[in-house]
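For reference, the structures are reproduced in the following blocks.
Consider the two complexes below, in which subunit A is the common component and subunit B and subunit C are the respective partners.
On to the complex of A and B.
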């Protein structure tokens, strides 16, 4: 297997168009598991970990631009005040070692129904910035996620960044798993209570084919837990039952409202 | 010729009873320890095992023609290439080296490939064309008793067991004690169930087989009993035992899962076939089918007692699923039967235990060995009985605690040390920590890093459990351990010693035990332990049944004393170049089998000795989400005498974690016999956040039959931890919780 290691974004985009079968890899916390379990044998890996343009985050006017290579550890440490739910979600990812390696871009690229960063980004109305040799486009995260482990990225594109305009609303993230650390979510929830817009915004994970946003006017708080639970499309699998997942979302939403809209 | 006197350096530290740093501690922590997966030999090839994707199927044909012509491939072998016996097994040879016409479990080895690169071997294995005709798998152990025999030749039938004519029976034991129909003033009953637990050792099965150029082979492997490996490997290769030399390679955890063979015969076959060293390392996914697991169990129990709390009659029916091959199922069956009533004196009992063959994953030895399952049930029953009688659960246990002179249901009288009442009292007296104030960091609440509660829905509960089990092999097994001691004058003229013992260091710390015993007996500082191998010393028996401390201590002590006598007979000193070299075998007190009809022991003892433990667990449960934080564990454990106290505490903590895992999360899940969670992503074991601090009290009442009075310590914490943690969950939730592991949906009250 070839490993292509571009040093600049331009070089990466060129390699991407020349090798559309190559798998983009950064921290490797998803890709290497797939390879180790022999679930896939991509002809090449496109190693993005050397590209400076993908690192870190910046502020442009009121918008945050989070590089695809931003690690969970950085989210945890740097974004606690501006995107608290994303920071909380980052703390739930794997172990500290995984948080040091894993990146937002990777979580978006994998597009797992259980991706921990996805619900908080949905709640904050994030947009995914995609680039190819032909140029750039932005896709709302809601449209980017199209199915379990499927997204709107084209074969010649790379995820470059995530753009978020922080709402400033009170928000939280919670994740249910049968172990107290290092679990894949059995169900997760991000919720914000946006008083300016008069809106409750919740997004669930691991309870449907894709993480999904559910909104309601603030005034409908009383029925919101039920609305989130009903919006979910959970299944039974080795990690939990559909009944439990729906139940958990109801409990999580109720508790999140206590935290954010009390 | 120069004469030296012994010893030149005075022994300062490291005798029996002192805390000594593990000899492998620093290399393991720094990552320099060489595990069996780190082995390397010049010119080696990589072996790979093609495994069955079916739980039960006929093999219509195997075509290897495409695979053998793949790049880098040196050999592709099937059962036809096994030169000697085609079947092997730890106790009964019922398992094919490579599948013959039929596969009986998911992951059963079908063919082998050797290639220059592991990826080449894997790709070649994919090109082996196996035509399977899938058959209906036998997956329900109760139905198995009426379904077609998976082993029509009934391999365990002539072993002197109760003759049970039902289908698929591996072994049935019926123990009748006193009047099995005796009535009590009250009665409680329940049905309990345990899922399949995996040893989940971190070092996957791995090893290196090196042909010696003269028809023989050296196998370097992570195992628990070198000599029993040789006894199984040699006949299948059609070699004499001495042509097969087994060497212990670095073991990354065992817990019973390395008692059975994994890659030993396969690696040796490929090595002899290709003339090249063969390395085999299982992947994590493969490891889940590469070893046996803890038997899942369904247990019915009825406890009859009088109003004063005294047990009158314990009636038990146990069904164990042994999976596709026998492994050590017959011994697990007898252990479950022996300890079913718990460490309590009861005048009447009826215990019926049956283990069956199915097409589920094969089960065999795992830490606790049958005692874990029954402890979960009998302790739930004792709590139920206490509630029924409105008695304090600790008092009820004390009232019934078995003691010296009491008779077990199998007829054995307790003779050695078994301080059940003492461990109960000492454990009950441990102060329970006060609840921590809110608010707290999420990681100190149920759900941990998941940040799900700030105290909402959280209830606290306390549970208590007592359990016991045997030490050493039982029921007439000729259980022995050899040790060899060489005394010599080293280069500087100082007296030195080298100890040979084939006791497998599986992480339990037997290396230190051996060295501490040798230092104590020889009063020498300069002692080395030779590499563990079959070629230089006789068998040590298995690193199993909490026996290795007892047995290795006995053997090394005996050999050291013989060496000293020999030295003294030569005037107490050695000329340089001279040496003393003695080998001695230690045997523990004799045991006898059970009568196949009555289940009564046919001699003085069925078991050599017993060890007991009591544990108290405090949990916090998020009752709405069904998530748990185990807050604290206190335990008092009978250990006879601590050879290395620091290591004893380590064993207690590790054993507790494994029992806690079975209580809360560890379960191999199957669908129609196929494992659905063969990874550490979905087979969860406790992390540091799930494991509480453990306050351990060592109860040292030396066993009169044990060298230095020291009993084993590895299993008792695992036996009681599952029961104690689930008892605490019941206390917190008020739910019955009859199945382990307890899942969040059970705790949240969503499923019964």
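On to the complex of A and C.
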């Protein structure tokens, strides 16, 4: 096994095209678990943690560009006012130690049905910025997520950023699990009451093969919890049953509506 | 592969396997067994160290990623043969039972108090939420944190 450590994005994209089997790694909070337990032995690791272009976030006109290397701690601290549901979700990821290392790009790359950043980003209509030696493309997050731990990124591409135009709508994130910290969601929900679009927007996690967006006109508030629960495609697994997950989504949606659309 | 990093203020070199964790390198290559190896998946916090001043689980950092960076382990907290204020507080309050979780908790507490010298109860709980004590000695651990905060 090799570790390739590029210093610039250009160098990283070149290495990515030359070593399509190499696993990208940044915070390592998912990848190291695979390595530590000998579940995978990739031929090489592409260490993205030294690339300045992937760090931090910036504002371009009304759009936020969140670097793939943005950590949950940074989301929590810096985005509390502009993307409150994402900030709340980041606060529920693992422990402070995990939040200090884990990145948005990693959460997207892993594409777990339980990825905590995904529902809030879906609600805010985020786009994933992918790059390769051939150039850049942007994919709506809804299209990027194609299955459990599967996404639309090609073998020569890297996730470089997430683009979001914050709605400014009241929004929240909620998650059900055995305790408040260190929990992989049994079910999760981000919701916004977007008065400008006249829309309720919710996205669930851990209740289907991919986190998914459900919308309805503001006026259909009364039936929205049922609509979210029905849209979900949960399964029975070690963390909970399908029936419980649907029930949890109904409860979470009702609570989130009280919080955001009172 | 060979890496060079700063550990507890000293430049160190280590020959590591490409896929090994910083925790393994610290314990098995650099002779620093203070950081404990337990869950290897970021659940228990017993391997907590500071990487460039940021609290992380050493089990989830690739050793190769520490190349050129600065690591502080529990061994590096005290100075001049004296315990760090947090270590002293753990001794004073009897916050150590079997002792396995102690190094991680000491590092996590030192990190918390460096950022929040006078943390609230909720801030303490949240800051230490990723450090498990299987003896369940949390009450005295919390006493230690409050004592260290008062002493700082």
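Going forward, the second predicted complex is superposed on the first by the 262 of 262 C-alpha atoms of A that agree within 3 Å, B and C clash if a C-alpha of one lies under 4 Å from a C-alpha of the other, contacts with A are read in each partner's own complex, and residues count from 1 in each chain.
One rule holds for everything that comes next: a contact is a pair of C-beta atoms (placed from the backbone, for glycine too) under 8 Å apart; a residue touches a chain by one contact, two chains touch by 3 or more.
These numbers were taken from a predicted model, which means no experiment stands behind them.
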Partner chain in contact with A:33 - subunit B first, subunit C second, else both or neither: both
Contacts of A:98 with subunit B and subunit C, given as first, second, both or neither: second
First (subunit B), second (subunit C), both or neither touched by A:155: neither
Partner chain in contact with A:25 - subunit B first, subunit C second, else both or neither: second
First (subunit B), second (subunit C), both or neither touched by A:180: both
Which superposed partner A:133 touches (first subunit B, second subunit C, both, neither): neither
Contacts of A:255 with subunit B and subunit C, given as first, second, both or neither: first
Touched partner set for A:5, first subunit B, second subunit C, both or neither: second
Touching both subunit C and subunit B, counted on subunit A across the two superposed complexes: 33, 36-37, 95, 180-182
Subunit A partner contacts - residues on subunit B that touch it in the complex: 122, 283-285, 443, 446-454, 456-457, 624-627, 629, 664-665, 669, 676-677, 679, 681-682, 684, 686-690, 743-745, 748, 750-751
In the complex with subunit B, residue positions of subunit A that touch it: 33, 36-38, 88, 91-92, 95, 172-186, 238-241, 243-244, 247-248, 251-252, 255, 258-259
For the subunit C and subunit A complex, residues of the former touching the latter: 1, 17-21, 40-43, 45, 48, 54-57, 59-62, 64-65, 67, 108, 126-127, 129-131
List of subunit A residues in touch with subunit C within their complex: 1-3, 5, 25, 27-29, 31-33, 35-37, 41, 44-45, 47, 49, 94-98, 100-101, 180-182
